[in-house]
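The two complexes that follow have subunit A in common; it is paired with subunit B in the first and with subunit C in the second.
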Partner chain A sequence: MTTPFLEVKNLNVSFPTEDGEVMASQDISFNVALGETLAIVGESGSGKSVSNLAVMGLHNRARTNISGEAWLNLASGPVDVISAPEETVRRLRGKSMAMIFQDPMSALHPYYSIGDQLSEAWRLYNEGSKSDGIKRAAQMLDLVGIPDAARRVQEYPHQFSGGMRQRVMIAMALINNPSLLIADEPTTALDVTVQSQILQLLRDMQKEFNMAVILITHDLGVVAEVADRVNVMYAGKIVEKAGIDSIYYNSLHPYTMGLLSSIPRVDQLGGHRLKTIPGQPPSLIGLPAGCSFRSRCEFASNVTGNLCATSAPLLEIKAPEHASRCHLSVEQLNEFNPSDVRGTHK
Partner chain B sequence: MLKYVTKRLAYTLIVLVLVSLTVFIIFNFLPIDPARLTCGKSCFPALIEANRHRLGLDVPWWEQWIRFMHGLVAGRNYAEGSAALHCGAPSFGYSFNQHSCVTTIIGQAFPVTFGLAIGSFFLWIVLGVTLGVVAARFKGRLADRLATAFVLIGTSLPTFISGILILLFVALKFNLLNPIEMGMWHSPFTDPFGYFKEFIFPCITLALAYAASYTRFTRSNVIETSSEDFIRTAKAKGLSNKVILRKHTLRAALSPIITIAGLDFAGLLGGAIITEGIFNLPGLGRLSLKAVLIDYDLPVILATTLLAAAFVVVANLLVDIAYAYIDPRVRVG
Partner chain C sequence: MSESVLKLEGLKKHFPTTTGGVFSRVKGVVKAVDGVDLEVARGETVGLVGESGCGKTTVGRTVLKLYEPTDGKIFFEGEDITKLSRHEMKPLRSQMQMIFQDPFASLNPRHTVGAIVSASFDIHGIKPEGGVKKSVQDLLERVGLNPEHINRFPHEFSGGQRQRIGIARALALKPKLIVADEPVSALDVSIQAQVVNLLDDLQQELGLAYLFVAHDLSVVQHISDRVVVMYLGKVMEMANTTELFANPRHPYTKALLSAVPIPDPEIERKRERIILQGDLPSPVNPPAGCVFNTRCWKVQDRCRVEVPQVLEISPKHTLACHFPEGN
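What follows is the complex of A and B.
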């Protein structure tokens, strides 16, 4: 196996507030290699964005407590972006790592033309005049599938549709050929038809630029389309990590199982009610001891003793390349895993 | 763009015509007979009627209005024979009270008000925006608190207090201003120092009052813009904080200030009644105050009202045009 480009080790991010410390993400460890796509799945507030914003250094350091490590294995040598000086991290942003965001409608500056904004990003790391930058911007727009790029480069964000703006964001993120692209819910704000186009584009761009891609999403359908590996997050922690097939066909965590069986499916017509996971995720302030998911877990009663309430499960390897944060044994988990999820997904 | 401007210009003219009509209608219902005001106690009816005719007050109000509008464009003649008077275009009428064409009177008062408005405008924009940006940048820290204190003092001190304080405890106490010379006209071209001395204190007085609200406005706009998604994008690109603030945050945060600044400036051009009064500046504010309270000088009141309205309406137009240049969402629909 090649060395991963990004290695995150025991990353903790928390925000001190008046009510107490919000433990937004805890003990996060993962790797991504060049050419590989890692999906991070979880509901709102599960810490998936927060941990990646920390990698990008986009948190306000004065108002955030960050500990742990996040190594970028650059050609010039590895850099830990968590402990590196702010200025060093800034010079990696846009060049070695780039990020695109959920809402392309508000992510572009309304007063500057697309060409201005792209060439600004390019000129930050390249010698060249503004008109060189605009030319380069047009090339990038062309690459991400915006028709008539030479003309549209002079237009403003409000003249683009949502899907086109997300293409612009991708073009801007890739203009300096970064090795890591973090896509934070890139399709959530878009129409369904546009969603798959953007996913296809991300896949194409990954091949073109041989990037490591982290795809943050709450949509398991999106994950199935593009990811190589999946991290499932719940209440600030990774609860399951595995290859894409293992997650879908052989999930080893009750939360993931719940997510999978709550996807509406066209092959199960008839009077079924859509399955849901009862309850709410816990508050991230003063998390209780034990497993964060236990109050919503269908299978907690199968664990001997009161283990779920007293001790937090560790993220342990339960099968090859497959880790899960659960007290249940692999045999028990396999037994509970709904067979329709395992059997009929193709 | 040209079409847009033409359309807005047409609207502006319509508004001004409506304002002038409204003022004429109101004056028509006032229990003041302008003709009676033309002569003192020992007046006799024949003279009043003669003056009424000479001033063109013996026709219905709408005809007076038409003559007024005509005078604005072509100038106007009053009376006949040896007493004949001519007020050249644009004629705002004739003030019997001051025995002068209103345009001449305005022409003397306006440069004073204009100087005051320009000077204080410059001061308050620089002071207000700078303090606002600094406060936003150091939110919650000492600089922010000092700026907040300034805002509090500035907004709660009316100009008739701050003006008097500045006049008594700064200008006069340190002999910076000669009380006898106050109100005398110093040309900025032949006597720039005298002009500066005369105007700096009233300008500061006005600027303090306005700068406070601009500080508050700038501060909250900068803070609000800083949390916009496009600022996060700029950060993710790798831009430095300095560039982000200068190029991305301020561009978006300061644009709305142009709107209020334009209107505030236009409002000041109509005359700063209190400040002009305190510093004895013979500007439009004092002119209209005197016309209203002492002389019942209707032609002057009419002219200053119309002018003030015109400044605001034209400023509105200019602000909208400026906005089209700044915000592409307005320019290219």
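What follows is the complex of A and C.
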């Protein structure tokens, strides 16, 4: 078993607000190894971005309560980015770890050429002249599949299409060969044909640079295409954690089961009604006691002693390499898992 | 023969592009929609799909005469409405409604839900049976919202609930046709399923005709009876849903379908994808011949010069390609 590159342990992130403390991420623990892709899925507002921004050191520490640990196992020795001084984390960002955001337009400066922006990113960590930087920029643009890169480095963001801007973001994130890449909804704003170009590119780059990749998305189709392992989040917590096949064919959490059966699939005929998860996720301020999913869970009544309402389930190992935060037993969960979730081919 | 609610013949919508500045001159035209034929019958859902920028929204808006068509004809229940003035359109407006993509931007934040849903009654000077308040509450109930929330404001609702408010508004005047422009794209999967089911139920109950615009093919496949595939302002292929997904003949349709991620890892591992190279060409300067020729893997010389005719290759399956896939 390889040592993971990133080890997150009991990470909590909360925001004090006028209405109360927003518990955005609670008790988050996971690992990612070099060459591996971990997908993080879950509904909007479940804490996917917040927990990863903490790893990147991108929260305003004065206005955010962060506790727990996030170790980067660097060649020079392990560093906990949560307790390390801000300056240390700033040096690691862009070099050892990098992030791609959903909206490339907000991350690119409209008044500087693409080449200047890439070159600046490179020169932060490398000795070299501006023209060396531009050369490196053109090399990267070429690598991410932008035709005529040597000329296009001189162009500005508005001259690039949405898909090409996302390629530029990838080039910028990868320009210093980071070991960890966090991609936050990198294809959500793109349509399917461009999405498949970008996913292919991310896969090629991961191979080329042997990176640990965290892919944040709520598209379970994309996850099936690229991930090795999956964390499912709900209301700020990881509710299920397993290898890709276990999640899709053998889920051990009622929320994941609901999620998987509510998506229409192009490889299955329409006509039948989509299954829905009734209701909405709870507010993250003053979360109810017990399981956060309880009000929407169709199986809670099977747990004896009204436990779901009174005690919060722990994330426990229920099968090899498979953890779930639910009071139900493995036998019950297996029984409740609707068969169509396991795929029609089985 | 089923009753036709909407019929388009050779619909075109071109936008002039100007040089900008005070003495702006017309520089060229964006051929946003460039000859679209389609028909939607009562109780039927026709899905309109294609890449971003291919002209889907423009078709929807032109159908409702929010844009004046450049050329072609629009028939609503058999009547040619292409040339009707704003004034003449007014009585028809109530029968054709639109649901907008963005449930956040399309509702006025300063108006209560009651005011938003009842606005159409005022505009059309309609006094609904049983009074406005009662009708609004019935509508809210019908779309699965709590009728007691009539005095709440949009920000007090979740994304899925806001989209329901938009649907309630569209239903207020008992329309025959609803143009739904990306009605679920901004929603989370679990909420998306709630809204899709609601649209299904309403159609069953009221016999609505939907023109359903979306770029998510899984949703389109689920909800549509027939699907129209557009590329750069033109229809590439049109067929009933089962036929189109089982037997796509246009290379673009094929590429599009192969790109849709399927939430099943085993299938994904075995799947062959057709990855299109490059971007959608500019609609100001579309390629000569077949508009898809710059990205098509089957392209031959003929495609670069000769525009492929739209042919009915089997009943109700039309195609515009010189070298179709399969058969």
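Following the convention adopted for this analysis, the second predicted complex is superposed on the first by the 340 of 346 C-alpha atoms of A that agree within 3 Å, B and C clash if a C-alpha of one lies under 4 Å from a C-alpha of the other, contacts with A are read in each partner's own complex, and residues count from 1 in each chain.
In this section, contacts are C-beta pairs under 8 Å (C-beta built on N, C-alpha and C of every residue); 3 or more make two chains touch, one makes a residue touch a chain.
Fair warning: this is a prediction, and the values are worked out from it, not measured in the lab.
K.L.:
Do subunit B and subunit C fit side by side on subunit A in the superposed arrangement, or is it a clash?
P.N.:
fit
K.L.:
Quick one: subunit B or subunit C, who's touching more of subunit A?
P.N.:
C
K.L.:
Mind working out whether A:260 is in touch with subunit B, subunit C, both or neither, as first, second, both or neither?
P.N.:
second
K.L.:
Taking the superposition as given, does A:181 touch the first partner, subunit B, the second, subunit C, both, or neither?
P.N.:
neither
K.L.:
A:120 contacts which: subunit B (first), subunit C (second), both, neither?
P.N.:
A:120 sits against subunit B, while subunit C stays out of touch.
K.L.:
May I ask you to decide whether A:275 touches subunit B, subunit C, both, or neither, giving the answer as first, second, both or neither?
P.N.:
In the superposition, A:275 contacts subunit C only.
K.L.:
With both complexes overlaid on chain A, does A:159 touch subunit B (first), subunit C (second), both or neither?
P.N.:
Touch partner of A:159: subunit B, not subunit C.
K.L.:
For the overlaid structures, how many degrees, to the nearest 10, lie between subunit B and subunit C at the C-alpha centre of subunit A?
P.N.:
70
K.L.:
Of the two partner chains, subunit B (first) and subunit C (second), which one does A:195 touch, if any: first, second, both, or neither?
P.N.:
Only subunit C is touched by A:195; subunit B is not.
K.L.:
Which partner does A:233 reach: the first (subunit B), the second (subunit C), both, or neither?
P.N.:
In the superposition, A:233 contacts neither subunit B nor subunit C.
K.L.:
In Å, how small is the closest CA gap from subunit B to subunit C once the two complexes are overlaid?
P.N.:
The answer is 7 Å, the least C-alpha separation in the overlay.
K.L.:
Let me check the overlay on chain A: which residues of subunit A are in contact with subunit B and also with subunit C?
P.N.:
Looking at subunit A, the two contact sets are disjoint.
K.L.:
Under the stated contact criterion, what part of subunit B meets subunit A in this complex?
P.N.:
Going by the criterion above, the answer is residues 228-230, 232-240, 247-248, 251-252, 255, 326-329, 332.
K.L.:
Please output the residues of subunit A touching subunit C within their complex, sorted ascending.
P.N.:
My answer: residues 43-44, 147, 161-164, 190-197, 200, 218-225, 227, 244-245, 248, 258-260, 262-267, 269-271, 273-278, 280, 343, 345.
K.L.:
Could you list, by residue number, the parts of subunit A that touch subunit B in their complex?
P.N.:
Within the complex, subunit A touches subunit B at residues 56, 58, 90-95, 98-99, 101, 103, 106-113, 120-121, 124-125, 155-156, 158-159, 169, 172-173.
K.L.:
Residue numbers of subunit C touching subunit A in their complex, please.
P.N.:
Subunit C residues touching subunit A: 51-52, 158-160, 188-190, 192-194, 196-197, 200, 215, 217-219, 221-224, 241-242, 245, 255-268, 273, 275-276, 278-280.
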